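In the two complexes below, subunit A is the common chain; its partner is subunit B in one and subunit C in the other.
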Partner chain A sequence: MSFLRLESLTKQYGATTAAKNITLDIAKGEFVSLLGPSGCGKTTTLQMIAGFVEPTQGRILMDGVNITNQKANQRGIGIVFQSYALFPHMTVAENARFGLEMRRVPVDESHRRVSETLELVGLDHLGDRYPRELSGGQRQRVALARALVIRPPLLLLDEPLSNLDAKLRENMQIELRNIQQQVGTTTLMVTHDQSEALSLSDRVVVMNQGCVVQVDEPFNAYEQPNDTFVSSFVGKTNLLSAQVVNRNGQPCLRLGECIFDFPVTAGLESDDIKLSIRPERLELTDIHHGQLIGRVRTRLFLGNHWLYQIESNAGDLLVTLPNHGFMAIGVGDDVGVRWQPDAVRILKEQAYG
Partner chain B sequence: MAELTSTLSETPNPPVSKRLAPWLLSGPGAIFFLTLLGMPLLMTLVLSFNSFDYSEGIISTFTLNNYLEVLTDSYFHEIFLRTYGISVAVVILCILIGVPEAYILSRMRSPWRSLFLVVTLAPLLISVVVRTLGWVLLIGGNGLLGKTLEALGLAEASAGNLMYTHTGVIMALVHVLVPFMVISVWAALQKLDPAVENASLSLGASHSIVFRRIVIPQILPGILSGSLIVFALSASAFATPAIIGGRRLKVAATAAYDEYLNTMNWPLGAAIAFILLVANVALVMTYNRMMERRFRRTLG
Partner chain C sequence: MQRNGKFALLFHSLFVVFLLAPLVVVVLVAFTPNGYLSYPTSGLSLRWFKAILDNPAFIRAFWNSMYLGIAAATISAVLAIPAALAIVRYQFRGRDGLVSLFLSPLMIPHVVLGVAFLSFFSRIGIYGSFPALVAAHVIIIMPYTMRLVMASVFGMDRSAEQAALSLGSSQWTVFRRVTLPMILPGVAGGWVLAFTTSFDELSMTIFVASPSTTTLPVQMYNHIAHTIDPLIASVSTVLIVITALFMVVLDRLYGLDKVLIGKG
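Presenting the complex of A and B:
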């Protein structure tokens, strides 16, 4: 049963279409992310749900009620803005209390709810501070508390962590996920950071050029990308051109000088197809055991793993290997590259826009 | 290497030319201001301690009599009270007109916004005297306002004559000074994060609550500094009160002018001018101090 339903939601600005036919169902309590590069229409979609942008076409249903034409201040949706948008002239507690005041919640109850919510985000000791006197991470929590205190049916997060530094962002990701599960509010987050979307969400909605490209659980979106865009936007990948060739009457794939069987070749119309192999699914071995042969061009040490760039007949390949504590392969070495058959994905070219 | 050490050893004691550079650079400006502003001010201060006799003219003495006269005579009390009364009224009207004006301007769409901002500020390009004479045409004895009232049968033509009245002076001053309020509030509005208004809407606030509780408190420093400019300018305004208020409605600036040019009592005029200056500076500084204390924590 869907709690929030978007029905072919479209927004046009003059001749440009910011969001095209967005259709999406979100279940109660679910955490869904809209993921895409800037200008893909994710923020426009969020603003239409929030009521700040009027859709050109389509409907928004929340809990079965059509809210498409409802005013933003009637929808009761909690929103955390990218800039946090805190009220600079009010203390932390006053910021959090504002939504309750607007709802005319009795004073003692609003007091209790504000302190409960500030405790939830770990700011109960800073209620008297002004936003200016807080760090970025603390401001973020105030914004979250202010949105949660009204117990909204739906929580919208607009790039909530993009203004935090990397370390803090990781901590906040874990915390955000915990708080969301604790409160159980249906949440829709907009982000361009694929790792954030993958780690936080129950489902990700990958968007490009105003369209929804794929809606899936994070693991599936990563492992079974629909097309070349998803595979390269969600995580790193090697996109390779291959040909369907005939070997002993069996259709096979040819990649560089390597010809190999592929379980599903039926339904492939064109001879030239795109393959995706994730860098971590490639293995480096000696040149006699590889399916492809190449030479190490660059090697980057990234702490917990190594990133290799290999020149091969099939094109440049990225390979990541876990760091086991010794340097086995160096720049300029000839290596063999191999993979398990299930590491290969055949992709459609992106066909929209 | 030898060069490096020599530069390092010189750092605590830079060459003379380097130490003089800031003085030489700011010198011309400082001399310009000292001669053109500082000197006349100093001479006015000295003059205000001199005394005046109708037969002998200005006598070089050192006396506080001029100050005592201004501070004790109820005639001057009335003039100073009128000056500040008019200024306060002008400030209030400028806030009531200028703040909504700036807010509406800031919410306009892109080609109109800059167009109307120019329209708002364009009067600053016209001389105050010319603009005030324009008001005389409107509110004078035989002016447009009286004629209109008469034609509409609402009142006699004389009801439209606002010359030599507080209303007339205040109206003309507000017209002259409202752009300063608009500029000041406009600058404050530019610093507002547009998402803040959306945030308060999402929390269930109506547009009027957003304006009152979210927008106004954040642009308050702009309103207050605008008020400061408008207050200082209207307390020391000369052309508008001189033309519309005339002799009948003297303010401090026109009183000083009259002492200089009609009574020829320069020392008394200088004393009035100095009291006005000191009072204005004191008011402005107190106000500024108050504002800084109020907003340091919240808005920086």
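Presenting the complex of A and C:
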């Protein structure tokens, strides 16, 4: 049974549709991400759930109750903003206490809950500081504590980690996930960072141009993208044009000079199709053993792996190879490119908007 | 750390000297024992400071100016807050017109305003009263308060208000507990600037004030129109000292840059 339910939620600003027919079910305790590029409608959706933006159409149900027309201050939803939106004139503890004050929670209980929550986010020693005296990561935690202290049925995170530097962001991802599991609050996060969405969420909602494109578990969204948009937005990929050709009465795929069998060629609408092969599913070999032949144009060292750009008849290919401590292939070398049959995905062209 | 070049340093020094030298001269002249404005003087004397006490008109005028400045600055700040919130945050018909209206007193010569207020106040029969003076001052100091309050409203992160809403505050509580404290530096800066402008204003007030509501600048002007004696210097010195003390206290309590520039 779903805890938060969006029913064909739509928001129009004049002629432009910011969010179109968003339908989504989120179970209790689930961590779901809205993932998409800027302007895809993810923030608008979040703002409608929070009650800051009035939907043009559709309904929002929380725990079976229609909250579509409820005021933001009646919904009791906890929100962490991208800018953290801390109250600069209040100390950390006063920030955290604010929601309890509004609920007229008795002093001793509110005191206990504030210190519990600050301990949860690891800030129990900084209660008397002002936000301006804290680092970005600490402010982030205050914002989280302030939202969690009211024990909200639903936690909304609006690009919560985008203002942190890369190293800190990774640590906070792990911590955010731990805290969410510990508290068990149903959580909806908005992000444009696919790695953040993949690593934190139980399910990812990929959005583009105001529409939901795919709702899936992170692994499936990455491995079985619905269309060209998802495959290129969630992770890196090689998007390649291929043709369906006939070989000995059998339909096959032709990619550059390579013709190969593909199990599900039946039912394809057109002869020209889009393929996706992830860079880590391609292998480099000598020119006699590759399915495609190409030449190394660029080579980048990325620490734990190498990124190659290969020119081939099928187009430019990105290939990542794990770093095993030695380097055999250099720029300008002729190489063969090889892949396993199950690495290939046939994609639909994106068709919405 | 040497941030200024030699030329810049020279320029700054000259600038500061040029700014402070007249004040120094006034202070020195105030200690003259003579009956006329002169420097260097033949000795040091507190004669002209005692003379202030013998001129209750000056003391009355000082308090008039204080009350007037406090009342006008406070009223203008109270009016500027909702006005700035509306103008900065909402698009509505006549918005630009309203901004121009609020800022227009800056562009009209105060003498012209003074004449206009004089005839207007006489016509409706409140000429020379304290409320009339306050009203006139509110109008001329409004641009200063508006500018600073608008700047602070503009610079405020609105998601803090959304956060307060989501935590269960009513709109009024959001304003009282979040919006107002967050724009307060701008409001305070506007208030101080408005107060100073009001306290200092002569060319319009001279038309609007009556003998019972004479302000300090008007009193001083009237005084030197008749006699030029060092009394004017000693009154000025007292004002300079009061202002300096006020600035020191303000800086200690809040930090001057915070109040005057509205720095968070």
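Keep in mind that, in the parts below, the second predicted complex is superposed on the first by the 353 of 353 C-alpha atoms of A that agree within 3 Å, B and C clash if a C-alpha of one lies under 4 Å from a C-alpha of the other, contacts with A are read in each partner's own complex, and residues count from 1 in each chain.
One rule holds in what follows: a contact is a pair of C-beta atoms (placed from the backbone, for glycine too) under 8 Å apart; a residue touches a chain by one contact, two chains touch by 3 or more.
Because the structure is a prediction, the values reported are computed rather than measured.
K.L.:
Superpose on subunit A as described above, then tell me if subunit B and subunit C fit or clash.
P.N.:
Overlaying the two structures gives a clash between subunit B and subunit C.
K.L.:
Kindly classify A:H89 by the partners it touches after superposition: subunit B alone (first), subunit C alone (second), both, or neither?
P.N.:
A:H89: touches subunit B and subunit C.
K.L.:
Answer with first, second, both or neither: which of subunit B and subunit C does A:G99 touch in the superposed model?
P.N.:
After superposition on chain A, A:G99 lies in contact with both partners, subunit B and subunit C.
K.L.:
Let me test your reading of the model: by the given contact rule, A:Y130 touches which partner, first (subunit B), second (subunit C), both or neither?
P.N.:
It touches subunit B, and subunit C stays clear.
K.L.:
If you stack the two complexes on chain A, which partner ends up touching A:F81: first (subunit B), second (subunit C), both, or neither?
P.N.:
Touch partners of A:F81: subunit B and subunit C.
K.L.:
From the options 5-13, 149-157 or 239-247, pick the one stretch of subunit B whose C-alpha atoms clash with subunit C.
P.N.:
The stretch that clashes with subunit C is 239-247.
K.L.:
For subunit A, which residues lie in the overlap of the subunit B contacts and the subunit C contacts?
P.N.:
50-52, 72-79, 81-83, 85-89, 98-99, 102-103, 132, 146-147, 150
K.L.:
Report the residues of subunit A in contact with subunit C in the complex, numbered from low to high.
P.N.:
Residues 50-52, 72-79, 81-83, 85-89, 98-99, 102-103, 132, 143, 146-147, 150.
K.L.:
Can you check the complex and tell me which residues of subunit B touch subunit A?
P.N.:
193, 195-196, 198-206, 209, 214, 217-218, 220, 297-300
K.L.:
For the complex, give me every residue of subunit C touching subunit A.
P.N.:
Against subunit A, subunit C makes touches at 157, 159-160, 162-170, 173, 177-178, 181-182, 184, 264.
K.L.:
Spell out the part of subunit A that touches subunit B in their complex, as residue ranges.
P.N.:
Residues 50-52, 71-79, 81-83, 85-89, 98-99, 102-103, 130, 132-133, 146-147, 150 of subunit A touch subunit B in their complex.
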